[in-house]
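The two complexes that follow have chain A in common; it is paired with chain B in the first and with chain C in the second.
Moving on to the complex of A and B:
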């Protein structure tokens, strides 16, 4: 393992409160990562200065281009390095030199790969040579081998794949740039996510998941933290940190490596059975981290936490227009082991029976309402109001196709209006499954824009609701 | 002999696995229950021990060369009389000789048979990444096949151990099935908590198996203990 002496402890403020960003390896050639980085850096409303560095260009995207770091007169907080790996070490020395002279650089984001992730001695040595001059000066390093950072509120963006993005409460920490960027891009067309901060930590040699969890815990615009994890050297410290952060805001994680072999030479049953994935699983439960086990569950759980209030209990109502998916949803809720189907109040039952068709099923089994296909757009509004005011219900999963004879936009507006008729402190989590998926994108977009999460699959919705309940239980048993 | 001395002696003599009766002495210090047990090196001592414990008893081989005792025929259960005990003594040595050959044998353990109860496993280890970790699950020799286990970082409190228990299928059995009385879950959770304390307090213990633990309606007893020493 690479070991570098560090004067650690410097805050990450330099990362998220930057005034000047220099991009070494900025390119005027369309189709190069160094070109996209400049383009996307400009797309967010960054108030500071962006300094492209390339000795061969006069200007890039209308910005003055500098021949080297030395030539920049203004304050530089972040330096983005997007060079061939061979050239990164020299760049690091130049950065160190400027730090000694001007004292301004606090963070370096190394986008380039070709370091320890190669798994060979050459890569490790190069990484050491890259990090030493930076970390010995207290400069924080993100990466190498990463997509860099985004802060939608400060308008900072060093990635080459994500352009302008909707602001919101989700912050992302990821050991895979591709996985997390895919999440953002997947969610974008329907507006399913609002982003606060994004950090692709790459090889995670300095700025780590632990640093970022601590930072996001106190970050006002972060409501939920999504963490994609492959492995951490300081696993115990990570868990201890997460246990504290989880008392303030939810951490949703996807952990890779379920099928990794333990490979431990053990003399006990315990030793031979204990794989790292299983230990992570137990440790996550212990520390309130919500671990998800499939990709849609991860995507939607983090999205739901970013938009919805936490459930106050575990009593769930399944409100459906369609039988089969409703049943699948109930199956998955029960399987979770944490959900109880809500016992509808007598008032709710009688009011619903009054307005729904005689064929509708109200409360068989407990907490299950099948409105049948006859329910109109406006009737949806009435039903939602009744269900959401029932004190016996802590959360609602609504399922519909919706049928083609309804106007999906009108339907969405009615649901939103019913939801928003409650003051914020009385709102409960509602997950809406629109089974026709992208075919009803217009209706979904309306709901998402009103911060009502929509999903495609009934079982995923059940998993997400169960996850919200698990988190709420962690909070209540820690009295916070 | 205190547990520190036991561990130091094991390290000095190059033993990787503590003899079972010494492992129980370590358990003693951490409030972990085990059956009345005697160590004997001769047939006469064995008979004396069984008479004083009272039948039925279990006879177990004690040898640094036998790690998996039952695989080597090194455990004989359900011995109800002196004559059965004498036969069992000879059979035990014959079994071990047949399965693992002429290996050094320290002696035998005579253990009072415990009333039948739900069998679970409580384990622990020092993990390179996580440090002390405790495991709970369905016990027996098939634990590695079914892997009905759940982990927690140690130390932990009773509530956390209770949640750990409830994550496993073993919990369904502990609630009482087919007329069996429910197990004392508080006692079992305390055993997990104490195993966590033991691991946190003794850095020299690298791995730990209590397998099986009899989780009865009036307490939990470790009926086989293995402690692996390592740095």
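Moving on to the complex of A and C:
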């Protein structure tokens, strides 16, 4: 086993433990990022103090506003910098000065862009001048060119795009603030995600994906780590770290820069060198990192890990009321190369045939059940219980429209009730595809609130289940 | 060129032109399919008569209910059969009898299942007995085991899952009613689709995909054909037909049965033999059929064709306010193998640099514009106008969150206004990825109502644009 030096637990603690957060560049002008940051910082239940800094304002969002950093008497742990890039270096020097005098600042989040991602000498020089006074004093820097930190449990939020968010088991590491924020916002209307921590690392000049993987590996409230990566300076160390962390928790990743032109777009975004996509792909596979290859797959895979138990094997049952989507799902499961359709037990088959209509299809092919539309909400519950009891089944993909003559809310409640009738240690992953999308938002919401993931597309569900199985196999191979 | 015998215009006319629709198996019991069919038949503005048939009911949904087919005096063009499979053959005989006596019935839609898809001798025999009396009299049969027909323009609806639906340019041919209905319902909350005609062909024993492709090719209100296919008896004729129809209108397809097990699921669903996926893939490519390989790609490709003009070339501009998703989009565009990033004109570059912030990225790589978050709603409008004027650009993918400090509705209106400032003949396809999904439903709705497609995922948008370009190239190659 490779020894991985971990910085977890010490120097990164400051990101998620703070008594005071100062915001340099806070704005009283509604709609400005410097205003949104204050607004959203207040939306979470932060127990410490928030100090907006702006020499031209008396108060912002009801908070006393400070002339400069010096004027703050209380302890400041995190400083957020949201200034024009020209002014960031001076701000860094002032932060360093306070660190020398008071010793309190441990983290600086530089939201501003205009540094190495510009791709010119001026940008690189400015970035160097920004980082030097901070890093030489042991201050950890997030960014520059990022959205910074959210910790829903500590109530910390330095972003200008996300307000209050549901707590949960997902922690995010991202080189694109917008991509990860989009994920959260996309998931929000149905309550598909619960968030633990979020770090937008931007140009990733100090606090890195490696640091955060190590930190989240030991973080109690993190159940799954979602990683959006453009490129890393220390690719090899990143992979080694990921391989170790994957023994404890799933890492779901989306790697940008698959093509040369995509790599150039990434470079103009965060100054990152994308590196060889094929190298990453092979290394991720060996390290147990769950690499996803399309955005809905990424979104739903991380969501599924955050809500569902892992499968104990690769034998999947497709339980459907709709033939076409069921077929597409089987195609995608088999194409994954890691899934087997479950061989239903004789007991399961005979119990299902007893209660289902004669037109129903039980086990053609094996592991495939088409209940057809002629099932009631309560019959769904019975079927779910039978299927989930079958010891030959490791995971279930359930597909429904639901038909116009079923009540979506009643149906959702019956499914949740069937699922929860099993003790936690006996539960299997169930992915439910509610094909009508937001036309059945109420039913989906009920299921999501009970931590049963819902999806729109049958093939995405198959990809997610395959990803869960691949990860489960990595854990088994490594006896963990 | 292959000569394709067309049955369009004559025998299929009866599907979409009807004075009277009879429903055998109409039910007064709310929640039953036979009740929903009557309810939904009434929701469209059908100018003719609807005749529910049920010996046990006086009226259904306020309509007079008939004892049997004989009792109806008016002209009956379409008969919907929604009975237990055991009773369908008798119904077919009665339909044949009326045809002999009155000569009026031209189409029968058999909703009931329990025929050849059962995979046993009994099912096959029953199907034969069902079809013989009808087809021998020149009556066209849709199904069995299907949802039948919708025509939003004529107000015809025989389905039990779809009620009133927005009119538009999409026509659907599907072997899975549930799959196509899901597509409509999924699209409905944002108004992503306008429907012309819908035929769920089920076991496809008479009215076939071939018939319908020919019919829709000449149907004025059909702009794009979406085809979900499990298998066809006459694969070669289907491909030849598709190649000809593709010279007039885009056919977007999803082919199930990619794997042997998926093929077996399909067979248990509609009794279809899936055939070789690779054969279909190659044949579709040569025939200009736009085959899609994942469900969101299928959904959005058909939607885009129904709303947007075709690209005149393959030079695409990626216009983004968000770096990460922009990068993923470029990766997918390039991976398609058919897209080039557009070489922005010098005029475009200098005009954009004049109005955008210095941190914006104009043309690194060429064809890629990252406006960064520092743009207002009205600046968006200016940028759109400049980009859409550039003669080096054939299509635009626009990506936004939108950031918290922009108003989504105002933004949407500005984009629509910029787009519509060009005369129709000068318009280019624009695909807009609004990454926040339903969190920005209001903005998306405004754009969709103005026929500007919106998407959730940057890579799906790239796939859709590549599909539009592939089709445009097929048309060019065939000088049509």
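Note that the second predicted complex is superposed on the first by the 455 of 480 C-alpha atoms of A that agree within 3 Å, B and C clash if a C-alpha of one lies under 4 Å from a C-alpha of the other, contacts with A are read in each partner's own complex, and residues count from 1 in each chain.
Everything below uses one rule, namely that a residue touches a chain if its C-beta (ideal position, glycine included) is under 8 Å from a C-beta of that chain, and two chains touch if they have at least 3 such contacts.
Bear in mind the structure is a predicted one, so any value in this text is a computation, not a measurement.
Student: Just checking: does A:270 make contact with chain B only, chain C only, both, or neither of them? Give me first, second, both or neither.
Tutor: In the superposition, A:270 contacts both chain B and chain C.
Student: Who does A:278 touch here: chain B (first), chain C (second), both, or neither?
Tutor: First partner only, chain B.
Student: Could you tell me if A:233 is touching chain B, chain C, both of them or neither one (first, second, both, neither)?
Tutor: So A:233 only meets chain B here.
Student: After lining up the shared chain so the two structures overlap, which partner does A:103 touch, if you call chain B first and chain C second: first, second, both or neither?
Tutor: neither
Student: First (chain B), second (chain C), both or neither: which does A:401 touch?
Tutor: second
Student: Who contacts more of chain A, chain B or chain C?
Tutor: C
Student: First (chain B), second (chain C), both or neither: which does A:74 touch?
Tutor: It touches nothing on chain B or chain C.
Student: Touch check for A:477: first (chain B), second (chain C), both, or neither?
Tutor: first
Student: Report for A:188: first if it touches chain B alone, second if chain C alone, otherwise both or neither.
Tutor: In the superposed model, A:188 contacts chain C only, not chain B.
Student: Is A:325 in contact with chain B, with chain C, with both, or with neither (first, second, both, neither)?
Tutor: So A:325 only meets chain C here.
Student: Once the complexes are superposed, what residues of chain A are shared between the chain B interface and the chain C interface?
Tutor: After superposing on chain A, chain A residues 266-270 contact both chain B and chain C.
Student: Under the touch definition given earlier, write down the residues of chain A that touch chain B in their complex.
Tutor: That would be residues 232-236, 239, 266-274, 276, 278-279, 281-283, 285-286, 477 of chain A.
Student: How about chain B: which of its residues touch chain A in the complex?
Tutor: The touching residues are 16-17, 67, 121, 123-125, 127, 129-131, 133, 135, 143-144, 147, 149-153, 156, 159-160, 163-164, 167, 206-209, 211, 226, 228.
Student: Write out the stretch or stretches of chain C touching chain A in their complex.
Tutor: Residues 31-33, 35-36, 40, 85, 113-114, 118-119, 160-161, 174-182, 185-190, 228, 230, 254, 256-262, 264-270, 294-296, 318, 321-328, 330-331, 334-335, 341, 358-359, 361, 364-365, 368, 370, 372-373, 401, 403-405, 435-441, 456-460.
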